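Each of the next two complexes has chain A plus one other chain: chain B in the first, chain C in the second.
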Partner chain A sequence: MSAYGTTRQPGGGATPKDKTTDYHTALFRRLAWEGTVPVEIRVDPKELPANSDRGLECYYIQAPRVSYLPLLLPEIRRFLMDVVFDEAAASSLKEEDWWFETEEGTITKWHWPLGLIYDNHAISLTVRSSAPPSTAMAPPLRLILHLASPPTEKLMLSPSQEACKQAFMGQLKEADFIRWGSTKRVTGLRKLEQDGIWEGIREHNFDDYWRVASKVTPSASQPVPPPLAGASGHVRPPSTDAPSTFDRDGAYSVRCIPVRVYLPDGPILQEFVPPLLEDGTPNTLYHFLSTHLPLLFPPRPPAPPPSRAKPNPQPPAVPNLAFVMIQGVVSPPEAEMAWLGVCMAGADGWLSICVGINRT
Partner chain B sequence: MLTRSQFAAASRALVAKHESNPPFSTLLRDWEWIDAFPYGYLARSKRYIRNSLSQSSADSSQLGDDPGLQEEEDSATAHTTSEAEWVISQQFVVFSATFQVPALYFTAHKANGTTLSLDEIMNTKLFKFEIPIGSDANGFALTLPDVPFPLLSQGDHPTLGTPCWYLHPCETSNAVDELFREVMEADWDEETRLVRWLETWFMTVGGVLDL
Partner chain C sequence: MASVIGTEITARPTATGILRAERSEQFDEALKALDNYKKKDTSKVVVRFKAVGNAPIMKQNFYKITSSNRFQAVIQFLRKELGWQAGEPLFTYINLSFSPAPDDTVANLFKACGTDGHLIVNYSTTQAWG
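On to the complex of A and B.
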């Protein structure tokens, strides 16, 4: 397991619990990094130049979730030139006029990571009556590639890798600002390191990426639990196997977690997400969502007090109207926002929460 | 820094104030508050003229002595400046959830609907800023030297999701707060304070873009 998957811990020796935390952090970060989505790219048949080899104009790729469409263009171009287009067509290819849309007519954005494009498409299907029942296998994202007339009303950013890199760095700095109130962790990186983090994405190299990202991403150390009041009213000291040093750079020390919530075909929500609630307990996924989307995630009433008939009462069930998808995985409601923010975030530092509607 | 609800309150109050006081200030009168889900914003439409045309007529009059060439240039520029080209700009003041301050977003199109490039935008009367040496205008962003964020770059409108140019809000907050401290009066109520803060914001942004 690469050492770079975890954030360097300040201070002295790691306790066994720290090592376990490090292992899990690295594991989840690695899984998020290695996640891929199946994409099928088909040139719009009406735009295929004359003399193209029809029947072969479909390109399949298992693309990294953390990558971007502009980074795929070179290999798509190579394929089209080698297999589909004849020489005349190939010489007139103008990549800057290329653009993609989904089968449903949604124009795909150059500056969204592929994992987000995929998940956002998946949740949009949950509100369409024509959606097929879900199967165990992830269906490919079918994209139509257009070769001309990009719709500049809906898609301004150019497909160049430079524009994509700049958008990526902008997101990284915004995430930094949200966490700490300043961008100095990212802007404090040397130019070589800033370029290196993008190169890690371009080359899809986990170690290269995390070598730099570990300097700006919070560690996943556990929060110091709030002191517990015993029955006698005395305050007990925090548990002795929690880390004794307060981790200033830890996930639970940030002032806010960079999160965006994506609704099916809908707007994007960005709200203040503290790592800890006012009572000192960690902010959970369900608590966050029931605060801002109470109709989809009704607040859960507490369990009734125990009685002789029911010594271990459970809280009453609430209807499961919606589900949460993060990095393509349906996430449990008790997941802690701070942990999600450092282990399941995208490469640009943002935690993308996609909300889908349960169809039953 | 504002909260989102303070921004909404300030915007509504500003629209109301400038609507009902015609002689007050015409500059802020045509802003409208759009109460959209999930986040409301201010919007208006404005027209600008493109600089480059008037400039090219000045340049060509200094061309060489060839009378034939000059005449041709003159008649050509006379033709273009007489049908001044308008740029239509949709402008929005949105609340930046990241920086907790207002941010100016805008689009710019020619009358025939084509979007303007960054260079073309910088060449209209919308853009008042003197571009310092060492700045980088690369087609999709304008970055000043030694500043972490580009001054002007592309982003999606937070509510509409459509692509816009936006003025980076990062530094405006400090500039506005400083100016505001000069003008603020202790006896203002909350609403007056918010409206005046937003007016100061417009003034600050007005130094970069013609509002």
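On to the complex of A and C.
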């Protein structure tokens, strides 16, 4: 139990420190939730039925990062029926045969969140020499909509919302398992709650989603610093940053953080990501990446010992071959993996780290 | 802009010239690193199939499956071994806990959920832990 003599108050009795932590956690979770990506959907011109209104066959959506393609189908269908197709074509529409691919020919997956599809596409552009250097603007993800002959092997799922929901719940459980070695937190949810978390995504409602997600997502409480060996028993003076309780359900108590790393044009990597390193310090983004992708993120050598000429030496610079993008944001190397895992993860519980190559 | 020093010609490229050369060298190094990481993992993982409920038990339960395979391929392999057609219901789980994404690789699943040196895949005819 806690070595500091305080106890956690039930019902979230908030001390000023608790309020600060909760604020930042909520802020980043809200930012991640409200993130959107621009998507342009164009029906393959070769598949446009006769008598379609050509010239209007492009549909633009500013879609939530946490949403999925199957959830966009109803509005795309409405648009096509209202604007593009004539009655004959509209009546023969078979949504179950629809599928999407990017301009580069990559088939987009039904079970990938839109934010991941977008970021994965963005990093694949960083290795194409023909692509212009990235600017501050986010270009729309151009998708081609096919109306027939879906490549079912590559799609792996049907476009139904039910299949998407099953895949989402599966990912939530897998994340739970990675964190704790069991899925009891997710399976312990009542059926109403399990349906409710998916409804939160379908309706894009932050409160509905987090009402349930907060039961299965670890809290972002700070790690307890390891007690100093041979200490005189003197406890660190309290500060707004010092933790006062040991949070068994906290982000720093998980055995492993659910993380996937996406490289341009693959592969997708999954490695053991402990929240704390052997010396008790938090695992950081750079430590994790330099351990598993040292060719792209070379380990930083320590600073040389200080000398008279250089009393304050800096560690030598390492080449910046690649950058890290999480939820579309370039992430600082000192970010803590545990914190990222509970504040910047996707709605399915997984932290998606997209690695892009620097051109400048 | 060049200056001749003795028999040496020292070319002093412009600042952007140096940056451009460094840039493409760095870029090439990054591409080489990516190629390295793209190499398919040819190691094999032992997969242990365990029947659940009324599902038939196979004569052979342990199989060595190449790590880079997606879980989708494992499901197809299992179907073939069971002799089941595509339409017949087959549900698969890892460690009686969750159903993986079909594009999860065997390598990644084993790393995260392997026990006793193998990956346990449960299969059943009905949805159990759906």
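The rule is simple: the second predicted complex is superposed on the first by the 330 of 360 C-alpha atoms of A that agree within 3 Å, B and C clash if a C-alpha of one lies under 4 Å from a C-alpha of the other, contacts with A are read in each partner's own complex, and residues count from 1 in each chain.
The working rule: contacts are C-beta pairs under 8 Å (C-beta built on N, C-alpha and C of every residue); 3 or more make two chains touch, one makes a residue touch a chain.
Keep in mind that what you see is a predicted model, and the values were worked out from it rather than measured.
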| item | value |
| --- | --- |
| Partners on chain A (chain B, chain C) - clash or fit | clash |
| Which superposed partner A:127 touches (first chain B, second chain C, both, neither) | second |
| Touching partner for A:296 - first (chain B), second (chain C), both, neither | second |
| When both partners are placed on the shared chain, which of chain B and chain C touches more of chain A | C |
| First (chain B), second (chain C), both or neither touched by A:162 | first |
| Touched partner set for A:357, first chain B, second chain C, both or neither | second |
| Touched partner set for A:271, first chain B, second chain C, both or neither | both |
| Which superposed partner A:321 touches (first chain B, second chain C, both, neither) | second |
| Set intersection of chain A contacts, chain C complex versus chain B complex | 109, 153, 156-157, 166-167, 170, 173-174, 177-178, 183, 187, 267-271 |
| Partner chain B, residues of chain A touching it in the complex | 109, 152-158, 160, 162-163, 166-167, 170, 173-174, 177-178, 183, 186-187, 258, 267-271 |
| Residues of chain C touching chain A in the complex | 23, 26-27, 29-34, 36-38, 68, 72, 94-95, 97-105, 108, 111-113, 129-130 |
| Complex interface listing, chain A residues touching chain C | 109, 111, 127, 153, 156-157, 166-167, 169-171, 173-174, 176-178, 182-183, 187, 256, 260, 263-272, 293, 295-296, 319-322, 357-360 |
| Chain A-touching residues of chain B, taken from the complex the two chains share | 37-39, 97-99, 114-115, 138-141, 148-150, 153-154, 156, 158-159, 161-164, 170 |
